[in-house]
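Structures are listed in the sections that come next.
Both complexes below contain chain A, partnered by chain B and then by chain C.
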Partner chain A sequence: MADTMANAAPAARFLTRDRIIKWAPLLVLGVLILLFPFFEWLEDIRAGEAHAYLIDSRFFSIRNAARIGIAAAPALMVAIGVTFIIIMGSIDLSMEGTVSVCAVVFAFAFLAWGGTVLSWAWLAIPAAMLVGAAMGFINGLVHVKLKIPSFMASLAMGFVGTGLALLLTGGDRTRVEDPIFRSLLTERWFNFPVMVYVALAFLLIAWFIQSRTTLGRNFYAVGGGEELAHASGLNVERVRLMGFTLAGVFFAVGALLAVGRIGIAETATGNNFMFVSITAVVVGGTALWGGIGGVWNTLVGVLIVSVINNGMVVIGLPAYVQDAVLGILVILAVVLSTDRRSVSFVK
Partner chain B sequence: MYELRKVDKKFPGVHALKAVDFKVNRGEIVGLVGENGAGKSTLMKVIYGAYQPDGGTVTIDGTAVRFQNPRQAMEHGIGMVFQEQSLITNLTVMENIFLGYEARFVKFGVIDWKAMAEAARKQLAKVKLDINPATVTSELSFAQRQLIELAKVLTLEERIDGDLVILLDEPTSVLAKEEVDLLFKLVRELTNRASFIFVSHRMDEVLDLSDRVYVMKDGEVVDVVDHDAAEVDAIQHKMVGRNVDKEYYREQKQQPYGNEVLVSFDAVSAGQRYKDISFDLHRGEVLCLVGTEGSGREAILRTVFGLQTPTSGRVTIKGQPVSSFNARSSVDLGVGYVPRERKVEGIVAGMNVYENMTLSQMHNYSTAGVLKTGAEKSLARSWIERLAIKTPNENKDCGGLSGGNQQKVVLAKWRSGGSDIILLDHPTRGLDIGAKEDVYEMIRAMCDDGAGIILVADTLEEAIGLSHTILVVKDGQFQKRFDGRPGDKPSLYDLVHHMI
Partner chain C sequence: MTLETLKPYLPWITLFVLAGIVGIANPAFFNPSGLIALVADITPLFIMALGMTFAIYIGGIDLSVQQMANLVTVIATVYLAQFGIGVALICIIIGFLIGAISGYITTRLYVPSFVSTLAMGFVALSGAKYLSGERALSMDATLRDRSFGWMFGNTAGVPHELVIAGVLLFIAWFLQKRTTFGRALKAVGSGELAAVASGLNVDRIKILAFAISGTFAAIAGLMFSVKLSGGDANLANGFLLLAIVAVLVGGTPLTGGVGGVVNTVIGTLIVVVIRAGMVYLEIDATQQQMVFGIVLIVAIALTIDRSKLRGVVK
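Our next item is the complex of A and B:
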């Protein structure tokens, strides 16, 4: 993001529309981080237990930041996967099924091959990523070769995945209790568990792919102008296929972190990832019609969603209100980021 | 009865209509001719209410009117029969005819289909079309659809008291000869109720049908000719009569072309788009395809670039017969395509200058899929300097550059990748004069470098001024070949004569 900022030509006006749109997600995140402690502060005053604003806040504390990080890490992986797809101007809704299958396959393989990272069971990690890649690849094939719109192809693949996971587990939960694997959650460096650093590492990988590889460039080209990408000799179908495959890998990483977090793999592991990841991508400012945005936007988007979820728990709002708030946020984000003068009809 | 006086219309950078006077009398058929970009379409749009004039007056029977939208124009009896088929093909004929005016068939919120079918049958009878109104439109031929468009506009007869003005925009472009005759007979019969404004590229048809012909050029009406006094030659001269400036097109820089053949077409056909096309493009040659819109010249370009697969014949590029037609293999053979719609196919807005330049040749600027951004940037910097592209730096978003500079980026994209067969589709469209001259300079420079260029020019002067060879295309077939040596170029009239 610092990179893109440096690119902005010196404009006559400081607050241009583009600039506001670009920085709005970060601004929203900042406001939220200050807003929740304020509610908390008000609440405590009303209860007669006044505390210093921010300083003694339960929300604004390292402990809580770690909690937000734990909740955000798997969602960030899934959201990054779908970010690439949305940059291409497509959409991928298969994440819930893919995450479930990857989680279940991982748990089965891990237990079957030794049950601890120190044995051959570590191979279950790349195996899960391969399964994710394969599911993404099939997803892409269905979309590209059968010429089915990506939202439909991926939604259907997602259902297939959920069904497959249920078939594999028979509805049972599988526990992964290897302490070394669980150290993803239990081991902490500088107050944050390892899984947060793993997620950040994959964020950097995603950033590298986005900004430094031909594949990343191709995503933007296809999303910015498919006709043009084609007319420049790009193999658009191949780009799409690789995009869906890459997304599958990131979904698998999300599944691994999700299993690491709760120590259980089941059909329901993938639940709720669709809503959270799509919300995060959109709220982060990546344009749904493709070509604009990136993984840093998605990081901000995931943090916004996680902060809202966490903050509402801290100030004691019920869960169903949280979903409603996020839903409204999505609509607001799209309304704010769409230049409606240039869009005549929306199908 | 319908009259425009001193009507003006300006768009950013273009004065599309300059004080146009235009008049249609009761029961009259008025023709409207002019080159592409002469202002015909703008004038039509002002008449049927899609554009509002910036100056001048519009009167119907002496009363001043101002239409905010086409629907208001229709309520005053002005209807448009569109050139692009405007019917919704998945609806039935009757639904199309009464689209937006279903209210009269609605009872308690439910459409009375029988009544609508009955009414539709009446409309179809007016255009002598005997089909079931419940037919889905996609099942009909183009000629039938054209008649339904007319029938749709003729529903104005029932809705409006008073006279109608009906605009026909290129109604014959998809019709066969007999169908054209039928349409013309119909139009003549209908003049007891309506006046017509007839726009066509086919000069003979305009002269055949019209009582008077308006000739437009550069946004002005340059002549009005009565049917009896009209002559094809005279009108064509008026349409194109401009001075060709040798300096402007860099004719003194035109060098003879080489012997090596880059692209060779041998009796190539592509379905209905073009037939039996043969030509050779040499190193250093500018070959210009001249013809009206839809004559097949764009389809030929697209075949060279691999976007349009021919149905028969042989295409050879640099001595190799082309077997699979796709953009990738054409690019690999050194073909570069500069499309007409810069925004759609030329540059990716949102990507910066260097990203756009290397888009077609990323494999040269990456190792194992990882981009060498430094090399990309230095390439971009050298081409920014070489072509004098006006941009603060190579990181600037291409969407923010002016049209001329975007065009330079597109050219740099192909030239920097070593493409030596350059296809230019209206490369100067929408550019101001300075930017056009830059493009002409680049064309000469590319020829000096040994590239071959196939050009579809924006104007005929441009075609004549720039090219070594001119091929006139009409209805998908070559009509005539001209050699354009400096000082011995064909005249505008020579070309127009074979085009229309």
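Our next item is the complex of A and C:
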């Protein structure tokens, strides 16, 4: 549709395909943020109660924004990890397994080494990130060295990860009750809990890696055209391996925040991260074909997904609708971001 | 003798070697009635893998099968009282439709099948949660026996599940080997661009392949629901990994084009043997998923046709 618009009239050239794709996610987020309070307003007006649009909204409030931030922080970390992979034109579906393993290893190490951040137990945090890196690295090895398409290699590694977490826990939950660690959730600065700021800090780190390092530029080079990147002397295999390792580290950070949020580490800690993060990345405007998008797109995507999930609850829609909405959303996003002239066929 | 010439026989060799190992460790494994019970027990998984074979055969994948089965267990349980045996028809139609929609999204809208089927799986999950009210439901025993009692039980020592599996296998085999659709499937799986160039309606064939996958997943869900006498939006969780393993270990590579439904029989038997072996060798149930994940990686690595990946593995 964008193509016909661009070709129809010179005046319409302002709305080029690239521009639309670039700004659509932000526009969608804005519309959603205004839409949910509208439904609340509609409901109250129908019931004959006084309701000032936005001002009386339960959705459009600082308190709810903090709630959305808490829900979005771990998902943002996982989604940023997979963003690097999708920029390279690959995909990583191992996050559920990796998050579970990292969460469980962290909890075990944390309790074994003292159980409070003020003792040697703080080492459990870097340990969990190392475990994430190792799992990402193995994932990358399976993909690159065995030449297995990444979606299948990572899906299989995800199963291995979930199995490993199950093996470590035996199905039990581990509680992490250290008040200092839990201050991720309980301590608030300017109405938002610390975990939101931690997530933003890692977002900045990811942005730095993406835009200011050779590795970040190489991700785009590989995604823009692997043969070309290879021909110009880039060690594509190494870039891919480092990409998957980096993704593993971000999955681990997501696991830490997820444990900080509920205070429990278990095999199920990783549940639902796969679909939410892939949806967020794609909805944010990072194309599944690689080369386009980045971590800021992912921030917008995660916010869209979190706002939808939260807003649907606020306006009283049952939770089961969310799965279907996300499912349709991800298909729409992929469809809209695909330039059909450049795709010959799809498996 | 190189690995390439051995390749077609690898699944058979794997099956016999594994069965031998398990049999030596525990001679009771070869007890015929025990074996039949083991095989009958895995019928729903086999049916699901049979359908998945079509999706993989054309070079795609169907990640929605598990959620499809979940949805069907709920539908079958909720509507059994109202429609009796007719509920089977509803399940099959729903499976066909959801599969066809996944296929349409993949072919006409250019969404890779792992994304489109994953997304449709979540749509199905949503439906399952809605219909079940997120509770575990159970079937009325008399109603179940009246409509679906024939699914289970024995005739002359042969469990009825095996008969059903055999009939479905025959249908799938017939579709694949004895129809023009089957030959078209092979053409698409062997080289999609060539199939397009030779004038095949590739889109329609692919959509049908996904629809078949959905249909079989629905039948698997129905059997599972009758077997456990209930429905739940999470009942069939854990099937996806094993279904993919069964297809790939059987020798249908992720790149499609070779293998087929008979290979999936071998693949499913390998899964049965591995499972039985883990029980006999006292490998904890919690370790099974990890083992199958590793088996999956090995199977893909051994079977995948790298010449088809055109140099770039994404």
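Assume the second predicted complex is superposed on the first by the 334 of 347 C-alpha atoms of A that agree within 3 Å, B and C clash if a C-alpha of one lies under 4 Å from a C-alpha of the other, contacts with A are read in each partner's own complex, and residues count from 1 in each chain.
Going forward, contacts are C-beta pairs under 8 Å (C-beta built on N, C-alpha and C of every residue); 3 or more make two chains touch, one makes a residue touch a chain.
What you see is a predicted model; the values in this text were computed from it and never measured.
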Contacts of A:220 with chain B and chain C, given as first, second, both or neither = first
Using the touch criterion from the header, give the chain among chain B and chain C with more contacted residues in chain A.
-> C
Look at A:16 in the shared chain and tell me whether it touches chain B only, chain C only, both, or neither; answer first, second, both or neither.
-> neither
If you stack the two complexes on chain A, which partner ends up touching A:119: first (chain B), second (chain C), both, or neither?
-> neither
First (chain B), second (chain C), both or neither: which does A:291 touch?
-> first
Touching partner for A:229 - first (chain B), second (chain C), both, neither | first
Check whether A:212 is in contact with chain B, with chain C, with both or with neither, and answer first, second, both or neither.
-> first
For A:334, is the partner it touches chain B (first), chain C (second), both, or none of the two (neither)?
-> second
Of the residues on chain A, which ones does chain B touch that chain C also touches?
-> 227
Per the touch rule above, chain B residues touching chain A in the complex are 305, 307, 327-328, 330-332, 337, 339, 344-352, 355, 359-360, 362-363, 366, 369-371, 373, 392, 395-397, 400, 413
Chain A-touching residues of chain C, taken from the complex the two chains share | 59-61, 63, 105-107, 109-116, 118-123, 125-127, 129-130, 134, 192-193, 196, 202, 241, 244, 254, 284, 286-294, 296-297, 300-301, 304, 306, 309, 311-314
Sort out for me which residues of chain A touch chain B in the complex.
-> 7, 9, 212-215, 217-218, 220-221, 224-225, 227-235, 291-292
Given the complex, residues on chain A that touch chain C span 88-91, 93, 142-144, 146-153, 155-164, 166-167, 170-171, 226-227, 275, 278, 282, 288, 290, 318-328, 330-331, 334-335, 338, 340, 343-347
